[in-house]
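Both complexes below contain chain A, partnered by chain B and then by chain C.
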Partner chain A sequence: MLSPQRRDQLTGLALLAPTVLLFAGLIFYPMAQSLFLSLHKVSTLTQRTQYVGLANFQALFADPAFLTTFFNTIVWTVGAVLLQLVLGVAGALVLNGRLVGRSLARGLLLFPYLLPTAVAVLVWRWLFNDLYGLINHVLMSVGLIAAPIAWLSQSPNAMITVILVGSWKFFPFVIIAVLARLQSIPESLYEAAQVDGASRWAQFWDITLPQLASVLSVVILLRGIWDFKEFDLIYLMTGGGPGISTQTLPILVYREAFQLLNFGRGAAVAVTMFGFMLLFFAVHIWATRHHETEGR
Partner chain B sequence: MRGRIGFALYNLLVWCLVVAVAFPLLWMIGTALKPNDETFAIPPTLIPAHPTLAQFHRLLTDTPFLTYFTNSVLVAAGTTILVIVIAVAGAYGLVRFRFPGRSLIAHMVLFTYMLPAVVLLLPLYLIISAIGLANSLFGLVIAYTTFALPFALWLLRSFIAGIPLALEQAAMVDGAGRLRAFVDVVLPQAVPGIISTAMFSFILSWNEYLYALVFINVDERKTLPPGVLTMLNQNQNVEWALLMAASVLMSVPVLLCFVFLQKHLTRGFGASSVKG
Partner chain C sequence: MSSVHLKQLRMAFPDGTVGLHGLSLDIADGEFLTFLGPSGSGKTTTLRMIAGLEHPSAGEIWFGTRRVDLLSPADRNVAMVFQNYALYPHMTVRRNLEYPLRKRGVPRGDRASRIAEVTALLKIDGLLDRRPRQLSGGQQQRVALGRAMVRPSEVFLLDEPLSNLDAELRAHMRAELIQLHRSLGRTMIYVTHDQMEAMTMSTRIAVLSQGRLQQLATPHEVYHAPANKFVATFVGSPAMNMLVGRLELAGDVLRFVSEHLTVALPDCRRAELHGAPAQVAAGIRPEDLRLTPGEGDGRVTVVERAGHEAVVWLTLGRQRLVARAAAGTPAEAGTAVAVSVDGGRLHLFAEEGGQRLIGACPA
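Right, the complex of A and B next:
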């Protein structure tokens, strides 16, 4: 007969068993296989594998196209995260204050986050359309530009457009995280500052921003991770083009593995990305720990 | 007096910006209601001069849209049901039981939630092809489990942790076993959390594009995102009004969930892992 304590523990394990099995089979086993494939040459026809050591990685890092792709990924991630931060903090401040129709405004600002990426892309591609797009039409009719701009098919434009659309789609995350924190800043801090005659601007820099610092650092990490791995939005906006000027690492994985059928090399890119994820994740854990011990 | 005018001006300014952010959505609806010849009219109009549902009608009768829609519903609902059943048990196990490796599992959950889909894409594709599920909706459900399960576990964990332990203990003192207490006491308390987790999982699966693009190569099994995007790339002359009608219909289920989910957005966006 098992002791009640022991039986309780077994119940717990039984409840967790399906989760653990699915994680093992669908996440950890494929992760290991990615690693395995990245060290092999895979024949497209027979899928026979041949161990090649780090050759896939060496070929990758020596390829200028990979370096461009890596650089694009950094530009996209940094650009999108920064713009999201500015828009998100501004949105949160507005929604935290007095505003007529605040809950409607909140809904309208937050909705893009849950909108299917495919829909966001379709609408924006229609707005940015070279010939019939509303944006070119408006800019031309107010005289800002003389001829239609190729928003998505010319080189620096495409990256800028993608960053703009990505920020529009993902900035609600920053709003929601910052808004939750704003509501817990003690009102007394602002009252004291008002007594001292501090301007609104000074209150923002000296009270609000320092209070938000901890949230913002975690928001930067999370959004950084999520934007770093974003495939759908960029691929659907530009397909990585023109040329490879908006190709990011996830798009490269897809191309190598499923368009060029170069499984080993695709896996090598994926594993490289995974290495960066580990780094991000380590920083995330370190930051939250650091913060908990420092906080209280 | 000056304060009041200032407040009115401030509101006007803020609302202009809010409308600017929401504008693409209004433009989508406006275009979807236009007849074809109005789509490319110059100057463009936001509100159609002759609003019509013709695009919706054509979408449902002349294009495979309805097939894509049905497939999307099946995959998203299938994923949600599978994931919720497993995650409710798993989350309860994680929250209420002490055993070695518990915090390791919790960290793993968060970690896998952030894992890039492309890292798993190739091996999952090989596995799913090997077991003969390529081009099947069930294969897609299996693939979606890889992101929906960690997400649901993470969310449910926080909901279940919020249920007072005393209720269960009272039931167990009264002679109910652990499982009885779970079914009779915890589950009913967790219903709101389970419903919102289900809705978020549904949206995640509904919106997914990459796995659907890679795993499904036959038109009659495609889900909405790759299906509708195929419609965009098929024609030389893009029928934007038709595509906007498709976008509107694709957004409706998400909008319905969104309205119900207002209260839980902080958790559902994943922002609850942001500690402040």
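Right, the complex of A and C next:
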């Protein structure tokens, strides 16, 4: 006969077990496996692995292409997140206002987020095509440009285009998060500010933006993580090209591991990515915590 | 500082309901005027229209000789204390107090001295570096007052500022607000549904109901000469008793006669008979109802003993009445009690329409 406490403990463990098992199998094991692979040379022919210490990492950091790729990833992530923030906050402000057909507009603005990436990319590649693309056609017919622009086959145009499309695809997420917060800012704060003599612009800077700070910090964290490891949109859009001018780290992982069958180096890139994200977002979380404890 | 004039202010909401039916009144420079009324009476709407946060459908608002109803809140130069204080949560107390000064381009040195002055007056100088959520309700209240006081404004508007405080603090803040009004000498317009606040603080009270002005008078008048049945029953706690009956002359004596109570009226009230409607309502303040326990056809239902006095609820036939009695009254629930009233203390209203009948007795 078990004591009641003991029985509660066992029940608790039993309830936790499925999660623990899933976590171990689906998250911890692949992570450990990556780390393991990054320290080995793997022969896909013989399935034999050979310990090489940090050789994979050394080779990686010595490779200028890796540094370019790393830099690309930062440019893409920072550019896309910033643009999404601007579009998202602006969109949320518009949707939060008194707008005719507001619910329809809300539905339409979520559309890019719901569209499968492959479909969206197909459409955008067509729109941006330098020979028969609609965008060049329109820009030329209104006289903004004299000759077609090579949106996707020239650097730095390709990176700019990818950032534009990526931001279009993901900014609805920012809208949803910001809109929810906007609706919870008490109207009386704006009224107090009006009485205190604040212009519309001042109300935005002095009330709206500080009130959005906490949600924007979470949005930056999440969108930063997601965009940093974004693969399909960029890969389908440009394949990393022209050259490697839009190649980001996830694409490099894919190339090394699955195209060059160099699993050790692929894993080393993945582990480096993981380490960098861990570091960056630890700093981010620390900074926001710090800001929140003294800032609110 | 200035006087405030409301001219035929009207507010119709988009859904067709009318919040205010042509309100006109003049508020003197330096006055403490209170809009008193139940929720939905239009008192907050009126205040918000004076502040510029709401636009009247018709009518004009003047501050002294300046017409302001088309100006933005910033251009009207009003100060306002909000019901929920509306302190900026992400700013320290100092920044909150500084905000109206910064937005009006007051130089840094002047800002500091204004803040020092106000915080000393309100005794919040120790809280300057805290944030609103680190403050108690009473402290937040003071900061909200401070933010409104920190710059000179034409009018000082207060929207139920004490309603979020507990009872003890509320009584304390009432006294402080009276003092503040006296020392600042500013025109203050105050909105409340709490008659105690209205009675104790105001120089005059504007009683509103359903978007119409019921009475504009001093607290004393509102209590002792209510203009109609609404004011009579809304102001005073427990509420005034109302009995329906008629006026008649019995020989040479004017009497109010109702089903269970007949009251002889003093001679000076004879004038009220002329033009009096067939049906009148007699209002009796609980403190004017005299009880003689032990006899009579009244029946005590509940006695609430509050220490310094007792409130006695009773029935007289089908009529429910409430009376104030001395703390030691022998009245007990279930016992008989006789009820009488001094005829001079009776408030008479037309049963139809509720208007006060005007007698000629000296007040």
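One rule holds for everything that comes next: the second predicted complex is superposed on the first by the 266 of 296 C-alpha atoms of A that agree within 3 Å, B and C clash if a C-alpha of one lies under 4 Å from a C-alpha of the other, contacts with A are read in each partner's own complex, and residues count from 1 in each chain.
Following the convention adopted for this analysis, a residue touches a chain if its C-beta (ideal position, glycine included) is under 8 Å from a C-beta of that chain, and two chains touch if they have at least 3 such contacts.
The shown structure was predicted, so the numbers you read here are calculated from the model rather than taken from an experiment.
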- Sticking to the clash and touch definitions up top, decide whether chain B and chain C on chain A clash or fit. fit
- Message: Once chain A of both complexes is superposed, is A:173 in touch with chain B (first), chain C (second), both, or neither?
- Response: first
- Message: In the overlaid three-chain picture, which partner chain does A:116 touch, first (chain B) or second (chain C), both, or neither?
- Response: first
- With the two complexes superposed on chain A, say which partner A:198 touches: chain B (first), chain C (second), both, or neither. second
- Task: Return first, second, both or neither, reflecting whether A:206 touches chain B, chain C, both chains, or no partner chain.
- Result: second
- More residues of chain A are touched by which chain, chain B or chain C? B
- Message: Touch test for A:219: chain B only (first), chain C only (second), both, or neither?
- Response: first
- Task: Using the superposition on chain A described above, determine whether A:188 touches chain B (first), chain C (second), both, or neither.
- Result: second
- Query: In the superposed model, how near does chain B get to chain C, counting Cα atoms only, in Å?
  - Reply: 12
- Task: Go through chain A and flag every residue that touches chain B in one model and chain C in the other.
- Result: none
- Message: Applying the document's contact rule, which stretches of chain B touch chain A when the two form their complex?
- Response: 7, 11, 14-15, 17-19, 21-22, 24-25, 27-28, 31, 39-40, 42-44, 86-87, 89-90, 92-94, 96-99, 105, 107-108, 111-112, 114-127, 142, 145-146, 149-150, 153, 178-179, 203, 206-207, 209-210, 214, 224-226, 228-229, 232, 240, 243-244, 246-247, 250-251, 254-255, 257-259, 262, 265-266, 269-271, 273-276
- chain A-facing residues of chain C, complex: 51-53, 72-74, 78-80, 82-84, 86-91, 99-100, 103-104, 131, 133, 147
- Task: Enumerate the contact residues on chain A facing chain C in the complex.
- Result: 186, 188-189, 191-199, 202, 206-207, 210-211, 213, 295-296
- Task: Report the residues of chain A in contact with chain B in the complex, numbered from low to high.
- Result: 8-9, 11-13, 15-16, 18-20, 22-23, 26-27, 29-31, 33-34, 37, 47, 94, 98-101, 105, 107-127, 129, 132, 134, 137, 141, 168, 172-173, 176-177, 180-181, 184, 212, 214-215, 218-219, 222, 225-226, 228-229, 231-232, 235-236, 249-250, 253-254, 257-258, 263, 266-267, 270-271, 273-274, 277, 280-281, 285, 288, 291-292
